[in-house]
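In the two complexes below, subunit A is the common chain; its partner is subunit B in one and subunit C in the other.
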Partner chain A sequence: MVQQFLNGIITGSLYALIAVGLTMVYGILRILHIAHAAVFVGGAYIGLVAYTFTGSLVLALIAAAAGCSVLGYLIQRYLYTPMLTEERIVPLIASVGLFILCEDLFRLLGGPYIRAFKVDLWFEKIAFLEAVVTAHQVLILITTAVCLLVVYAVISKTKLGLAWQATAQDMDTARAMGVNIRQVVTFNFIIASSIAAIAGVMTAINYNSVLPTMGSVISYKMFAIVVLGGMGSIPGTVVASLIIGMSETFMSAYFGFIMPRDAIAFTAMILILIVRPQGLFGRAR
Partner chain B sequence: MGLGYLTTIGTLVCIYAILAISLNIISGYAGQASLGHAAFFGIGAYASALLTLKLGIGFWVAAPLAMMAAGAIGAVVGVISLRIKGDFLAVTTIGINFVIVTVFEYSDFFGGAYGIMGIQYPTLFGVKISKGYYLLMCLGFVGLCALFSLLVSKSWLGLALEAIRENEAAAEASGINCAKFKIIAFAFGCAWAGLAGVLFAHFMRFITPNDFAFPISITIVAMMVVGGIGTLRGPILGALLMAALPELLRPLANYRLLFYGGLIVLMTRFQPQGLFGDKAFILRMLLGRGPRSMRHSGD
Partner chain C sequence: MPPILRVENVAKSFGGVQALRKVSLQLMPNEILGLIGPNGAGKTTFFNTVCGVFRPDEGRVFLEERDVTGWPAHRIARMGIGRTFQIVKPFRNISLERNVLVALGHDRISGWRPSMLGTGLKAHRDEVRRLLRLVGLEEFIDQTPTTLPLGHQKRMEISRALALRPKVLMLDEPFAGLSEEDIVPLAGVIKNLQREGLSILLIEHNIPHVMELCSRLAVLNFGENLCDGPPEIIRRDPRVITAYLGS
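And then the complex of A and B:
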């Protein structure tokens, strides 16, 4: 029981790291950024390369975050921003195309097989109540907490964060009030892509594997999470990630025969949307 | 490249053309984002396979029944679209695709992950249809589907759908029953996707859940968008281009998805109306109006 609870939290934390970035992008640009999953996989690969060369996990995380920030910025600047005036489905399809493109690029560059990403930490595993916690899981919990706290602090306490909030509420009004929209959007993509990169590295070391298709399931699942959380609401997304992480772990542990893990998120999402079309924590529009 | 090979590609192009035309009724005419069209493709295929194999019904009876099954479930999605709108609807349709494929994959009734084997090739008056005639039959269905789509766009239904696409609140205020027309659009679009599924199942004679997964939905959307959303020629030419091109570029087989993804990105970025859409540069050049700027997006 405690073990399942713990596993659920870990899964949920990883989901939260990915989904928060997606919800931030949606909050500002109103684009369903499916290529965010490609940024996530890119982070895992950059992290692996950096770790192989330097042997330092901290440097690997920094390299992944930096590389993905650049990637996220390029996507935003040269793909999304020019098509903001188009119909809403256009950027969505562009994003899907970019995701397919990146996934294949990773396959061609990194090989179609699984690469190990083995990181030795300061201890192997510890017993906690009646459960066993690995060092990787502790690291994931700490990293998630730090990342989410940083995002929270930046958004609620800094001037740029205030501008972010204003832009999320109403971009045109914010622009009229003198907010530098371009700066806000850039900042938004850098934060979102950095945490996706960190999530990529964390997922990779947690399962000791990096592979080109590691983003394909998460690319749809993160949408279910973001929708559950009410699209654009950061606290909602975090809670939804934990709910999905928990229910997946518990469902597959206790009723594994009803449905496969990956369908749970979508079933929950469809049911909740029918009852509450604005999402679990969304404001009615 | 033998004749049999070309016939196979031709048949698949026809099936994709029906899928793209039918999705265009939902997304192009009625403006409802649907990223789960492959689910209805699958419902048609599975329904027809099971009807012919388990109940021993003939192809020509099973096909309309399978269309109705796909149309009925499509109508349910239409009902859902009344409550869930815009981006939420797009994500919901991804979810529906995911859930339906899961049902196929995890239920023994639908053959599980191994799918269904031994589906019969259709017969006409007791004679097995040859591959060449099957292609002709598929072409005929593409013609029917295109004719249907044309009739819809020229009718009162098409006008109503266009009004819903442009501004739903205004359409409702002018006395259009948006709910009814949205459900009709979904039901018709999905029924045609079901027919494409029937043609696919009896052509391949072996179907698995993966044939109808989310990436297929994206392929259909890409065909519609690359061709030109909202027009009739767009989805047809888009399907022709995108289904045939990777097959004809065999040496590039290893880079197929790279090419596919890249094409989608370039198209949406520089030519979001599609290659053959209303403002497409190809059409303007052909019509002699001369290429102006390739970019329509205001910066």
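And then the complex of A and C:
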């Protein structure tokens, strides 16, 4: 039981790291940034290359975050910004297209096969109550906590975070109050993309694998999580990630579900949305 | 004395609709200028064009003799034009304190500021209190705007616009939807701001209060300047009477 609980928390933490960036982008631009999954995969590849050359996980994380910040900025500046005045479906389709393009690009650059991303940490595993936790899982928990705390601190304690909140609520009014929307959106993408990159590295070392299609399932699962949490709500996204992580783990382990665990995520989403269509933390219209 | 805000021959159209036709206007320092006209005259379009929401098709906008035509709205706001909205637009999910804080502390010139990542919030807390006190809302500092009545939300918007340290304050129908008992103190707030040296451009349909507050009125009709002058002259101008009542 404790083991499954921990597994659920760890899976949920990884989902939270990935989905929080998506919800940040949606909160500001109202764009479903499916290509966020490509940023996640890009982070895994950059991290792998950096780790291969330096042997340092810290440098791998920094390189992945920096590289994906640039990637996120380019997506925002040259893909989404010109489309902001178009119907919402236009950037969504562009985002899906970019995601597919990136998958093929990763396949071309990194090869179609699975690459190992083995990182040795200070210890292998520790026993905790009746459960065993690997060093990678501890690292995921700590990293997720740090990233979420940074996001919380930026939003609640800085001028930038205040500008985000204002922009997310009413972009035109924020502009009239002197907020430079372009800066706010740029920072938003940089932070969201950095976190996605870190999530990519964490996922890769947790499963000891990097492959071009590792973002495929994630792309729609993070969408389910964001909808479940309430579009644009960061606390909602974190809670939804944990719910999905727990549901998958417990249902697979205890109920002998014949459904694949990815389908469980969507079942949980559908069940909750029937009761609460606006998501857990969303506002009813 | 040069005008603090000078608008010259501004034109703006949307598709086939000519919303503004070469409108000119001057706001003098420490003046309350009323901008009146029937519904659809182009008053709010004029506001939005001056504030940078719309780029004018023709004409120029000068703030203290500096040409700000076509500048983005956030730059114009930082340069010193604060505004409120016809339909109140508070940031609904954050406290009054944070609503005001959004507009506070912007640099007039530069874009990137290191302090964007700093808190800056504590440093400005006293100033936020002062600004809310000016409009009589200090006691509601921690409440969200949606918990307050419309009159309070309108005052909060004034306080938020003042946080920009504006040279010109543009008020878009501040009395709309308010009862007389809410209008009187709000009119007092506006008068006090003028006494403290602010220049105010006021769109308003409540003619008795406009007459009382403004030293000069400009009238728009069908997107054109109709006339301009002291309230007692404007009140009797047959063109204005016709514009409001029809021929």
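Here is the rule we go by: the second predicted complex is superposed on the first by the 284 of 285 C-alpha atoms of A that agree within 3 Å, B and C clash if a C-alpha of one lies under 4 Å from a C-alpha of the other, contacts with A are read in each partner's own complex, and residues count from 1 in each chain.
Just so we're on the same page, a contact is a pair of C-beta atoms (placed from the backbone, for glycine too) under 8 Å apart; a residue touches a chain by one contact, two chains touch by 3 or more.
Since we're looking at a predicted model, the values are computed, not measured.
Asker: In the superposed model built on subunit A, check whether subunit B and subunit C fit or clash.
Answerer: By the criteria stated at the top, subunit C and subunit B fit after superposition, with no clash.
Asker: To make sure I follow: the centres are taken over C-alpha atoms, the vertex is subunit A, the ends are subunit B and subunit C. What is that angle to the nearest 10 degrees?
Answerer: Roughly 90 degrees separate the directions to subunit B and subunit C.
Asker: Classify the contacts of A:158 with the two partner chains as first (subunit B alone), second (subunit C alone), both, or neither.
Answerer: It touches subunit C, and subunit B stays clear.
Asker: Touch check for A:178: first (subunit B), second (subunit C), both, or neither?
Answerer: second
Asker: Applying the touch criterion given at the start, work out whether A:224 contacts subunit B, subunit C, both or neither, answering first, second, both or neither.
Answerer: A:224 contacts subunit B only, not subunit C.
Asker: According to the stated criteria, A:127 is in contact with first (subunit B), second (subunit C), both, or neither; which is it?
Answerer: Touch status of A:127: no partner.
Asker: Among the partners subunit B and subunit C, which is in contact with a greater number of residues of subunit A?
Answerer: Partner with more touched residues of subunit A: B.
Asker: In the overlaid three-chain picture, which partner chain does A:86 touch, first (subunit B) or second (subunit C), both, or neither?
Answerer: In the superposed model, A:86 contacts subunit B only, not subunit C.
Asker: Pick one for A:166: touches subunit B only (first), subunit C only (second), both, or neither.
Answerer: second
Asker: Go through the superposed model and pick first if A:97 touches only subunit B, second if only subunit C, both, or neither.
Answerer: So A:97 only meets subunit B here.
Asker: Between subunit B and subunit C, report the minimum C-alpha distance in the superposition, expressed in whole angstrom.
Answerer: It is 12 Å, taken between the nearest C-alpha atoms.
Asker: What part of subunit A is in contact with subunit C in the complex they form?
Answerer: Per the touch definition, subunit A meets subunit C at residues 154, 157-160, 162-163, 165-166, 169-170, 172-181, 183, 187.
Asker: Enumerate the contact residues on subunit A facing subunit B in the complex.
Answerer: These residues of subunit A touch subunit B: 26, 30, 32, 79, 82-94, 96-105, 108, 220, 223-224, 227, 231, 259-260, 262-263, 266-267, 269-270, 273-274, 277, 279.
Asker: Residues of subunit B touching subunit A in their complex?
Answerer: 27, 33, 35, 80, 83-88, 90-92, 94-96, 98-99, 102, 105-106, 214-215, 218, 221-222, 225, 229, 254-258, 260-265, 267-269, 272, 295, 297-299
Asker: Which positions of subunit C touch subunit A when the two form their complex?
Answerer: That would be residues 51, 53, 72-74, 77-78, 83, 85, 89, 91-94, 98, 101-103, 105-106, 111-113, 115-121, 160-161, 163-164 of subunit C.
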